[in-house]
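Paired with chain B in one complex and with chain C in the other, chain A is shared by the two complexes that follow.
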Partner chain A sequence: MKTKIPIEELLRWRLARAEAEAPRPPRAARLLELARPWWEVWPEQFRSLVERLGQVQVGYGHAMAEPTQSRTARPVAALIVRAGEEFQASASVLYFSIEGRRLRLRLQIDPAHGRSDPAFEVTFIAAATSIPLFSSHATLSVENEYRLDAELPEEVAADWGEMKVTDRMPFRLILRADTNS
Partner chain B sequence: MSEEYGIARCSSVYAPGREAAVAVANRFGGAATGPVSGLPDHTRVGAFDRQAAPPDLKRIFSMVRRFSPPLLNVGVSVSDEIETLNRQVAALAASGAKARAAGNETEAEKYFRRGFALAADAVKRTPMKSQVPGRLEVLRVAARLALDCGEVAEARRLMEEAFTIDASSRFSDEWAQIRDIQAWPDPWLVAAVRRDPPDGAALDALANRYWKALFGRCQLLTVNHDKANDLAQQAWCRILRARHGLKPGGNFAAYLATIATNLWRDAHRGARRAGPMAEDRMSSLDETFSTNEGESIALGDVLPDLKSLGAEDQTLLAMDIDNALGNLTPQLREVLVARFITGESCAEIALRHGRTEQSISGWVRQALREMKLHLEAASGRVAVKA
Partner chain C sequence: MRFVWFWTFWHWSRESFREGSLLRRPLHGIGSHWDEWYLHEASENDRQAVKETGRTESTQRQFIAWIFLHWTREANWQRNRLTARFVLGQLAQVPPFNQWAAFKEYRTSYCLGGISAVVLAEGSPGEAGDVRQIEAIALPDDSGGGAPKVVPEGFQADSPQLDIPRRAAISLLSGKGFLVFLALWITGGRRPYPRWLSIVITLGWMGLAGLVIYLLRGPDPQARLFSFATVLVTLWAGLLLIALTVVISQSFRAWRAGKKWSSKLERSQLRLRMPGGLKLKGSSAGLPFCLNTLLSIYRVDPPAAHRSWLWQRFFRKLHSEAEAWAATGTVTPNASVKSVVLEPKFRACLQQVGITRILTPRQRDGNQRVIDRVTEALTAIRRKNIQATPVLTTSQLGFAADTRALRSYSCRHVAQAIMSMGDLSSRWQMGVNVLASVVSAAILIALPDLRSIIAPPPAPIPVTPSSPSPYYLWVSLNTEKPESFQVVLESKFWTNRRAVVKQYSGANASVRAEIRLQRVAHQTSFNEEDGTVWIERRRHFLTREFAPGERVGRYSLSYLSRLGYE
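== the complex of A and B ==
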């Protein structure tokens, strides 16, 4: 006997089957290990990248002269890391807003560095101390422009609470491509 | 003298805690400190109104004050303090729950922490020789508040103390939820995971609770068992990295699903932009379909009743569905899952995608048509076998 089956029902049936076939959930220890920030997992690589980041020179005059950059945009030293490649770059902060502990940020990457990656894991490094502050994911919105929405650590939120987009940014950025895990 | 004691006892029966409660609350009140008058109205213990009190009570109180045997006063005072604290704790817990339900986690945590501090104070003040049920209740309230704050170790300590006082409470219904981590509501588990370091047992319980549903969704999106497993783990990693911002009162399952979908969408964003059909596809999908047919397009008489399928046919049908889903663009697949698995309306999906409701409705129809085509082409095999 054959009956008409709505696709919706087929999808639900497939979902139930997938749930039944799900592998065992990872243990908490495994999840926490996977979630460790990359600078703790690979401290040597982090040190090396921070060293290279420290060599990036950003000139305000240069940034202001760029026709694609807004007048208020503040350049920030950045290092783009793709598989096996590193590029020194500068990023312009186009929008910066903190509400409570929520940071909303829009930044533009210097277009001289090839393709626009669909997303970056952005690590904020304290400009003064080179300490990693936090990391978050930024996704491409338009050409070379990325949006980031992150919950800030309490102390960072307190320090940055009064900052405006026109202020000098107290951080530098390491932008890691293709790092969803 | 014995008569005086009798009167004093009467006073504690007739006016449990009232006058003494106000004095005590003003001495000990607040999130641990600060007068009761500083608390919101609903957390304040009903003040004793001398003028409004019945004449008999006024007379009794004046007699009690006149004789007031010191030892008895201490007993009454301690009992009243605890009662006052308990009432404040209950009010703070209710306020915390209200704030949490409203999504105001900062306020909620403040209330819960104040409540927990007071509850812990009440535990300390409850005399060891006091009645067991009363002490157990104080411990239970404190343990629940500890869990509301994510203080799992404190909750466990209080629970063990209760079990030491009365071993039978280990098996009582009152303690069942606190004892069994699998029975903890999401807010307790999430609050425990938010903390530094996160509680491993709570994380295990939370992962176990939602893993299958998360994996199922990831399977529909990725149409691949291994990729689904990876995506589900990535979603958990993303959540754990930002765990301090988790809202215990939020819908955790929905949040997990959203994170997984966003990760999957981000991974396909580049491909979609660069895809050879991308632009053409987007423009055609933006068109609204004018047909009046429902969103669920029934397959023709090509598939048997799902319940009657044998194991092998089920496997084949699952493969057919996966193939049909795999032939959709990632965006259409995502919209289909959002519409029929998550149950989002076209308007809600449209808001997320920055499109019109009509556009999304068109996408859903397009996805259903394509699914139907693929399934019809493949289902001969299933139909023949069935």
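== the complex of A and C ==
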């Protein structure tokens, strides 16, 4: 029996075997389906969530006794969606930086709204029009704080380019912990 | 320059805050800012340098030491000694520091220690784990009032649960709470005397009390009365001066230090750390929150306490023995302590090694008897458990180690807790104060008497009016102190009489002594003008009148009876 097999032949054999065992590639239609954002895949669910998000009222009333030069976060209305449950919440934007079309954002969710999920899919909804802008993945950083790094659509990047962390945020958030449903 | 990468990060953080990318100031958000910088902003060189620093535990510790010794000073945080601990505590949560061995101790605490709170987990009957150590850090708050004044770490709480203990702490430093504390200290608090002086002062007050009793009940001191009165007044004035000087100076110093700390606390952000991730329900952690707040403000700048013996004694004791103390009780903004559930908390403390003293509100089920009962119940359970376990050896079991001493200190006000924790209460001093108050009250009442003994009023001379009746002799005197004089008639024709000088009002108003003239039964003289009138000093001490003193006037009866008529 021949025991010496060249390595190239062995690799070709392994490749052929892997190709034979690999699952069938998805069809183009399926690929297009997967690339579609969730709000297009489940428009009914999206509509209902946006409706609930619209009910979240957040904002500070400054009943100031004396003038201060305080630097406070402007709360952003948020809806936390977990498997089978939804919470109305508010989020504070702690860091907001846009370089080119790259958005880097850190936000803190009101800690009164239960446990800290390890990650969320964050959907940005235009505050004025309730139109979904984009979505991105946010991961837990420290103590109820999430970091997010996203490529912005061109027109959004142009609109938000000059924004500061203390400005009123022109978006609301849907935070989905369970992205399968 | 060492650890340039940290300066690079710090500079980025400050610039990002200045240009409006970061919401929180560089210090307050340091952990989060580092995470952002390290993930996205750090250059390859910076990462390499960080990696080099973290290579060994020794270099990691060098970085920690550098933060303590150099960075805090160069970044202008030297006025707050807790800043370095806060920075290390925050960095310890994020990569790569969360993997560094030297940061292990900072991951769960600030390594400061503090008074424990007894916060029962849901359904817990009182377990060792329910005793949770609280750490408080006061950081400079330069947010302009926008940031919350108290930030919970490791637990969740409603705003009043955190704010009320802070307000109580401010009250204790410079408000009504401080006045209660001072009142408690003045009435029964240890004084900053050396032991020998304390003994001398106590002996002094006892001596004074003895002298007062002697003057009231002892034999008439006769000529020594002046010496006794002088000693009494001098000693009393001396002791009172010492007591008042100490009380006033210590009160003033404590007030000044408290005022300074209070304004510092108002300008600070307080971070309270309690492990367990609990959502706090109820307000029984208010007392430990309040005491830890006080401790944190001391730890910011310990030398500031040197100016006040009172605060220094309390804070030093608290700082060194905090880990032996647990506390429970609801506090109000004016620092009163309200009752809470106690029995399961005693049970928890008895099972927690290291807790030997507990502060509780003053309530019926908070006394030592309840603790003893819970201790006995716990011992019985342990005994039962041990006996149920098969024992292979025949040796005797000893249960002495099972029962630990837990002493409870009950209080109605946080000021009482301060007195207990600072070991400021002194029954001896309270006894001395009571004695001093009684003696002082007696001396104050007797002060006019003592004055007339030590500095007698000038000798009076007889003036008009004289008696309009031949049966009476009036000796009117020009004195404003009638109670200090009396008049004596010595005659061979008239009965010898002694009369006190009084103020008379009416038609012939004057200060005078009135003597009724009465012939003696066996006269040795037939001259009805025979007689001498003496003016004598009277000497009193409270209710006692001593033997007459010096004779300060001698007048003939004929002169006095004609005074004003010729």
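Here is the rule we use: the second predicted complex is superposed on the first by the 147 of 181 C-alpha atoms of A that agree within 3 Å, B and C clash if a C-alpha of one lies under 4 Å from a C-alpha of the other, contacts with A are read in each partner's own complex, and residues count from 1 in each chain.
Simple rule for what comes next: contacts are C-beta pairs under 8 Å (C-beta built on N, C-alpha and C of every residue); 3 or more make two chains touch, one makes a residue touch a chain.
Owing to the predicted nature of the structure, the values given are computational and were not obtained by experimental measurement.
Using the contact criterion defined above for the overlaid structures, shared-chain residue A:Ala128 touches neither chain B nor chain C, since it reaches no partner.
Contacts of A:Val93 after superposition: chain C is touched, whereas chain B is not reached. Applying the stated contact rule after C-alpha superposition, one finds that A:Arg106 touches chain C and leaves chain B untouched. Contacts of A:Ala35 after superposition: chain B is touched, whereas chain C is not reached.
Between chain B and chain C, more residues of chain A are touched by B. Shared-chain residue A:Trp13: touches chain B; no touch with chain C. If you check the complex, the residues on chain C that touch chain A are 16, 19-24, 29, 31-33, 35-36, 39-40, 90, 93-94, 143-147, 153, 156. Within the complex formed with chain C, the chain A residues making contact are 68-73, 92-97, 104, 106, 111-112, 141-143, 145, 147, 149, 164-166.
Across the complex, chain A is touched by residues 106, 198, 200-201, 203-204, 207-208, 211-213, 215-217, 219-220, 225, 228-230, 233-234, 236-238, 240-242, 244-245, 263, 266-267, 269-270, 273, 295-306, 308, 314, 317-318, 321-322, 336-337, 340-341, 368, 371-372, 375, 383, 386 of chain B.
Residues 1-23, 25-29, 31-32, 34-35, 37, 100-101, 117-119, 135-137, 139-140, 150-151, 153-154, 180-181 of chain A are the ones that touch chain B when the two sit in their complex.
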